[in-house]
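The data blocks that follow each hold one structure.
In what follows, subunit A forms one complex with subunit B and a second complex with subunit C.
Presenting the complex of A and B:
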């Protein structure tokens, strides 16, 4: 290595020697190798990741059943649909679910991670237990929830019956269905943030905490002044990835409530699915997908910015 | 902290954790217990499914009377092998290119690839469906992609999208930047070419991070639901296990000898769908933690 790099810096005369040629060839070896590997991958990526995004926006300005005939240009008509019922309600539901799930899940995960960060017996087992629901299939578990809340012979109503209480018909109540969907989503989603917060907590130098303790800072003061600021990068990461997950709940709504009663729990993803693959209205579906993409970009950006401003 | 906590604090912490863990585990343990009993016993024990005699009858019904169950397992394994080998190859190559090579346009190309992480899945899924349905000269389509159904309800729909996985490219690049260049230089002096360096020098060092890929891909594909639902829902012969078992639970796929209301059977299906991922997790916990942290800590 020395013979290759040292002369080129020190003496211009030696640049003309074969060493320089070897160096340029060495440098080109990188570029040639890189592009031979990258070009096929980038072509695949453009076909299956870039063109679909462009196509999505393009289709959203048309009326098309996705099957035959040609798409008909309709301008912003599909986006205007999102101002007419039931679409505003669906947007509102999506935001309500996303914000509720994200807030409760993040706060809960933070406190569970704080608890698990204590040197307690069986800490690994607790962490495993909290993570296991994340590994389950959302579709299978959502389908299972319907067995728990079935009006006749459902697990919950069997219990109520054994207590001598009348059965509850969960599926006709908007607030019950909302609760079920939120609890289900948090049950499946809380494990990931717990593992992440715990990893961040364990990377905090214990001496910092001890120093604060010696200075007389209590439990709450330590969390506020030491733990939270040091956890900020992880908090940003959990919130940004959490937004993307919480806005895209699908199985819970599709299989548990079917968006009902009367669209009270319907969300963007189920509506986009139904618009495209049930109603064969690809224009409205892709308009919805574009709106989703924009909402997610704006909200991730907002979280990133607000966290950065607080820092400064 | 080295200071021993007072007894009351330790007890209350444990109480909170145990209560929380019971709530987290209850549906799964309830399901596993319910899978071992009959419908009559199930009605008799509303709080927690218990029986004087456990039975494996429900498992036998699922394994031997649900005609396509073995096929769905096979289909899922095919997809796991495919979506481990190809994305891993792409990720290792890209990790090498972005983590080891220096060339003009490297950062731009990397950002171009990472850009897709900002776009939610649904934005791809509808156009990808159209693209696969209108694929020229496939599934009865003519050169313009008209006339047939393309790859819809066929294997290619489950195999073509998803080979370039940006998450793993990112993970591998991070790993490559942590490996000292000395190994590669030593091998180059010995006359090794890039292919030999990748397979003989780097691959053995990448085993831990590739395990993360194998495990996450296995869980994701075992649970995969939305994409198969969109693309192949009319052809149960190519379904992966996640879609097939959900359909059995919903009662839309007939199972021989199964009639009327049988909740223990539904719990059996859910347990069979869940157990493999949980076992995988218990055996390879370390890799799961590394995988979840892949972005948060290193990135």
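Presenting the complex of A and C:
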């Protein structure tokens, strides 16, 4: 009968050693799993986001009508177009709308969130009311606005005329149309930041506020010294996403003012749209899109950096 | 060490993701008729079997972007069609066995332009396109096929103004299937209420100014002398009507074979001064109303007395129960002459990308036949585009419509709006900005025209 003999020093047990590939695979198994899961969405992202951006930048250096014929290289000519009227005004309008809407909307959203955080009867309904414009179609809301400000037969002018006042032709006044665009955009966009600020406020430990009250801190002092610092991460998020949204103002202008009067409400996205689909000038349109992208990049980075510097 | 069930799960997940990826990459591309339509086409292309008697020819689908009256409408589960469409599609298919005509509605104006650009970029462009005012631009970009060598038999029957908008460098790139022209409309109830005689419409600009002022004064805010559609963005609705008066004064909006704007044309000075005066007799604010329908229906509602009217206004007035609307030629200036502008033109053209250019061109000439043209007015209330159809129609319509047909048949000066080949949006914005300042300020007309011309020239650079 054969028996197993104990291994001797001269013949140690030889374990099955995996090959190099198997070792590498084992060492990086978590990363491999992650890549397998990520690859489909990465492919989708590359095809529908990265490649179009690269193509956009490439086309911005060409003259191309988008209808036929191949793009023709023209260098920086399309970018130089943005130095000629009315493009500088359009850039200025975009910046003006973006900064104004962002600042007013953020401040308003903060104070609305503070109020909605109070224990009020029916606050659930108030919260829904503030968010409804964000969910409503921009086209429907724009139609409402045009009914209100229509120069003939509009609600506002009907009221003015019933009071014996002459009608106001809002559509030929740059100041009025800018105000309308800003109010419309804020009305439509304030719901999102309100929800975000509300969520952040509700995450603040109420004992912190109570302790401050006990120490004699008033309402405004508590907001300044407790609420705002604790809300900082959410504020950064709201500002960064708000900048991106505010610069991309389009529906309000396209549906209400059409860029008028005298291009005083014309913004980058509406002009990019017109350059592409009306003027058949894809070179200038893509140059505009590239400029917008750079502006957004710089603005977002500036906000992030300044907030971090204040923290540090 | 990884447990066996967990390993099998991960392999399964990875395999599922990879197969989904391959499935997505291998998906059959959407059919041209559904990829870019804003309105889903109702007519699903069902390829008919090749006629047994024909040669071995592959079945052909001819895709045509058509104006709404040729496209069937879904009403619940029923499909409503028109005699016009039946005649056009069925007859053409009968004459071309093996060919299936697919008619699609992709909107009009800005929506149509956007859909067309998307289709061209996406490689799903149709064989035949439809539109009103971008054909010269597309012809300049070499995107259309000229039709001149197919028109020998029918050219005499065509009215040049109706296809002028599709002429580029002397070649014809499109033909109108139906058309319209401007005339002058008056509301006799308002005119008589103001104490004027409606049987004698104004013949000259001075008559019109005087009557409009009288009616406005008598109206005391209840009605006004004139309806003027004014400037909105880069829309050309108001500019079309202004162009009628400019045409009467030979004040062209363009020069150099209409390739360059001529907004500082000295001949336009009296026209713009006339319009500035005329605007004072319009309902306050109406001139700047963006809703074209609301602007023109004010006359039907007894809010104004006179307006420039498209040939479709006769039916429109009836639908809106205008108490007593009548029609006449547009008043002319002292040193001017009668003229009008083609409007509501539905032009069809063949794209160079068409897979069946000959067949597509045949479709366009097919629409010029009397059998099709004779159905236009009774079916959709628009004017046919050929002499023979208009001549046959004239005795069978109202006096109002006869006035418009007279303009179409007899006018020596039927014009079209210029089609800018570069940056039309910026150029028309410059003109509309000028009109806005014309109606709201007292800035000298010559100065406004100079500013508009500078802005327009800058846009062409």
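Rule of thumb we're sticking to: the second predicted complex is superposed on the first by the 269 of 312 C-alpha atoms of A that agree within 3 Å, B and C clash if a C-alpha of one lies under 4 Å from a C-alpha of the other, contacts with A are read in each partner's own complex, and residues count from 1 in each chain.
Basically, contacts are C-beta pairs under 8 Å (C-beta built on N, C-alpha and C of every residue); 3 or more make two chains touch, one makes a residue touch a chain.
Computed from a predicted structure; not experimentally measured.
Asker: Using the overlay on subunit A, decide if subunit B and subunit C clash or can fit next to each other.
Answerer: After superposition on subunit A, which the two structures share, subunit B runs into subunit C.
Asker: One more residue to check, A:167. First (subunit B), second (subunit C), both or neither?
Answerer: In the superposition, A:167 touches subunit C alone.
Asker: Check whether A:252 is in contact with subunit B, with subunit C, with both or with neither, and answer first, second, both or neither.
Answerer: In the superposed model, A:252 contacts neither subunit B nor subunit C.
Asker: State whether A:66 touches subunit B only (first), subunit C only (second), both chains, or neither.
Answerer: Both subunit B and subunit C are touched by A:66.
Asker: After lining up the shared chain so the two structures overlap, which partner does A:85 touch, if you call subunit B first and subunit C second: first, second, both or neither?
Answerer: Only subunit C; A:85 stays clear of subunit B.
Asker: Once the structures are superposed on A, label A:181 by its partner contacts, choosing first (subunit B), second (subunit C), both or neither.
Answerer: It touches nothing on subunit B or subunit C.
Asker: Does subunit B (first) or subunit C (second) touch A:102, or do both, or does neither?
Answerer: Touch status of A:102: no partner.
Asker: With the two structures laid over each other on chain A, which partner does A:49 touch: subunit B (first), subunit C (second), both, or neither?
Answerer: In the superposition, A:49 touches subunit B alone.
Asker: Identify the partner contact of A:260: answer first if only subunit B is touched, second if only subunit C is, both if each is, neither if none is.
Answerer: A:260 sits against subunit C, while subunit B stays out of touch.
Asker: Now for A:153: first (subunit B), second (subunit C), both, or neither, which partner does it touch?
Answerer: both
Asker: Any idea whether subunit B or subunit C touches more of subunit A?
Answerer: Subunit A has more residues touched by B than by the other partner.
Asker: Please state which segment of subunit C collides with subunit B in the superposed model; the candidates are 44-52, 116-124 or 170-178.
Answerer: Clashes with subunit B appear only in stretch 116-124.
Asker: Identify the residues of subunit A that lie in both the subunit B contact region and the subunit C contact region.
Answerer: On subunit A, the residues that contact subunit B in one structure and subunit C in the other are 33, 37, 66-68, 153, 276-277.
Asker: In the complex, go through subunit C and note every residue touching subunit A.
Answerer: It comes out as residues 2, 10, 13-14, 17, 20-21, 110, 113-114, 117, 120-121, 137-138, 141-143, 232-235, 283-291, 294-295, 352-353, 422-426, 429, 432-433, 436, 440, 455, 458, 461.
Asker: State the interface residues of subunit A toward subunit B in the complex, per the touch definition above.
Answerer: Residue list for subunit A touching subunit B: 1, 27, 30-31, 33-35, 37-38, 41-42, 44-45, 48-53, 55-56, 59, 66-68, 112, 115-116, 118-121, 124, 126, 128-133, 135-141, 143-144, 147-148, 153, 155, 158-159, 161-162, 187, 192, 195-196, 199-200, 203, 206, 209-210, 213, 234, 237-238, 241, 244, 247-248, 250-251, 255, 268-269, 272-273, 276-277, 282, 285-286, 289-290, 292-293, 296-297, 300.
Asker: With touch defined as at the start, can you tell me which subunit A residues reach subunit C in the complex?
Answerer: That would be residues 29, 33, 36-37, 39-40, 43, 65-69, 84-86, 146, 150-154, 157, 166-167, 169, 171-172, 257-263, 274-281 of subunit A.
Asker: Enumerate the contact residues on subunit B facing subunit A in the complex.
Answerer: 1-3, 5, 10, 13-14, 16-17, 20-21, 24-25, 27-28, 30-31, 43, 46-47, 90, 93-94, 96-97, 101-104, 106, 109, 112-113, 116, 118-131, 133, 146, 160-161, 163-164, 185, 194, 219, 222-223, 225-226, 230, 242-243, 245-246, 249-250, 261, 263, 266-267, 269-270, 273-274, 277-278, 280-282, 285, 288-289, 292-293, 295-297, 299
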